[in-house]
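What follows is a structure written as structure tokens; I'll ask about it next.
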């Protein structure tokens, strides 16, 4: 049964996050606006890929965030299992849909980028395929959250799954690369690396920071919503029991 | 409070319903030398009883004596190995459509709210009587109508299951350990509901470990 | 009686959409299966696009069958099945309502998402509509053939893989005609309509037979 002491630490989080949230959101907005302006109007088109190179400005940050959020979830999972921090499973639960959304964005932009490059929306390219597998792992984690109703039990179960997934991600990446090189030459994508021009690198970095701040702001909002949801749940159960006791006393009197 | 609540609700429903049914039509459930076997094992044999309007039977017996098996038989889920069970006076309505079962499992979906569970039961069982809200009020749970049943305690779930008896109108109540998980005041409430049902000409068979507390209930002890 | 039918339908739809209902799990499983195939076969798009309809059909079939053991088990465990047995609705119609709800939350989304997943296996654009149409017409057969298996295992404490094992052989005709109708869009001598109409007939027959058989199985449970 949930207890009121459980709410103590999250209360402090609610206070701090309320202060931080507008700053994160504001900074994200400014950086994204600046980054998109540079990416759209200032950065030149690629001499090989033409205008489609601009998809990169969304695609690469999305890929980065998909990985970053999974890492955050793994750290939170340690927090749940090892340090038993009361906010860890909240952070983890809130991160899963955001990470899944960014990996989906990465996949969709990858498909749009692939269409003019390969003439088809999807190629089993090593990098894209790894992100697709990561997306599936995200979906599994979300499914487990939705299946288990009681937050603390679900938190531990999901933490175990997340850590198993985390250990597996490099193995999956390695296997997919190996599988891919068996069948076709290396990836068409040339992300990052020394060949990228400064005029492209600058907006890319700005956008990467902007998207990261946006994602963190979304994460704070999702964590706050999850804390509220748990409070509502706890309070409704308390209220139902309290009204029950009142009714029982009334009957006894 | 539960008792008076339930009684007054029933009084109200009765007045409203007088126009449609004064009380239940006369029915008689008769069991003649019924023998029950499960998995080749003899559970009980030669059981005979009859039950008419306004009568109640408290089924007693040790664990495994066949209380739940008899209830399953009356539901039509289990066939007697010998003997017969029949209902007279119902015309061509089959026995399962005359009974209201609250089994040892509550028959509730934990993901749905108490109100939704009762609305489902009402749609399923037909013969709408009290609305889900009225029924929950009668068992003292009006305040949990919108809560998912998964949030409720075992006793509260039991009361929601009992509220099902009120949302649609059926003459024969079959209750398997109805008082399990209920506290003293909720047991009083249950007795009130059963008395109101008997007054209307309904009949009750309740399997029970302890005393049922219902005046005028016959005890039927089964088992070898 | 109509009220009871819709009560079951509405409740099952609500349960599937609520948290933990698992309505969307079949979709994720479908996606997973489609993703696994190229890892086994290699990422050769020509090969994948040739066998694309077969991959999608196999994926949809397995995704439908894997979750089917819960169709009646949940109701049996919590006692709801006793309520359904005591309802004014004939058990056949109750099974029909549950099968319909299962199809609406499993087969229908699978069929609608199939063209999207077709992108992963480089399914040619002209084959997308036929694949979706055959899945739309064929998945009811899977739900209702599966309902029989689910009813037979309703009272088992653990169903698990037994339902797919029981049911998969019975779905062979559906698979044959579903894939062959989808393939006809990729060229070949068979016109699309011939296997497609047989597929429709299989679905209609499965709805009738599956419903009656499942109701009979539920009646004699215990």
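List of remarks:
As written, the chain order gives the labels A, B and C, with residue 1 at the start of each chain.
In this section, a residue touches a chain if its C-beta (ideal position, glycine included) is under 8 Å from a C-beta of that chain, and two chains touch if they have at least 3 such contacts.
Labels paired with UniProt names: A = Heme exporter protein C; B = Heme ABC exporter ATP-binding protein CcmA; C = Heme exporter protein B.
What you see is a predicted model, and the numbers here were worked out from it, not measured in a lab.
In terms of Cα centroid distance from the overall Cα mean, chain C ranks first.
Chain centres here are C-alpha means, and the one lying farthest from subunit A (Heme exporter protein C) is B.
Interface comparison, B-C versus A-B: the higher number of contacting C-beta pairs is recorded for B-C. With centres defined as mean CA coordinates, subunit C (Heme exporter protein B) is found 32 Å away from subunit A (Heme exporter protein C).
One inter-chain figure worth recording: subunit B and subunit C (Heme exporter protein B) are separated by 37 Å, centre to centre, where each centre is the mean of the chain's CA atoms.
Once the centre of each chain is set as its mean CA position, subunit A (Heme exporter protein C) and subunit B turn out to be 51 Å apart. Across the assembly, subunit A (Heme exporter protein C) contributes residues 149 that each touch 2 or more other chains.
Shown for subunit C (Heme exporter protein B) are the residues in touch with two or more other chains, namely 19-20. Shared interface positions of subunit B, i.e. residues touching 2 or more other chains, are given as 110. Against subunit C (Heme exporter protein B), the residues of subunit B that register as touching in their complex are 72, 75-78, 96-97, 99-101, 103-112, 116, 119-126. Within the complex formed with subunit A (Heme exporter protein C), the subunit B residues making contact are 1-3, 110, 140-141, 143-144, 147, 150-153, 156, 183-186, 188-189.
Against subunit B, the residues of subunit A (Heme exporter protein C) that register as touching in their complex are 149, 233, 236-237, 239-241, 243-244, 247-248, 250-252. Contact residues on subunit C (Heme exporter protein B) toward subunit B in their complex (touch as defined above): 1, 3-4, 6-8, 10-11, 14-15, 18-21, 77-80, 82-89, 221-222. Contact residues on subunit A (Heme exporter protein C) toward subunit C (Heme exporter protein B) in their complex (touch as defined above): 111, 120-124, 129, 132-133, 136, 139-140, 143, 146-149, 179-180, 182-184.
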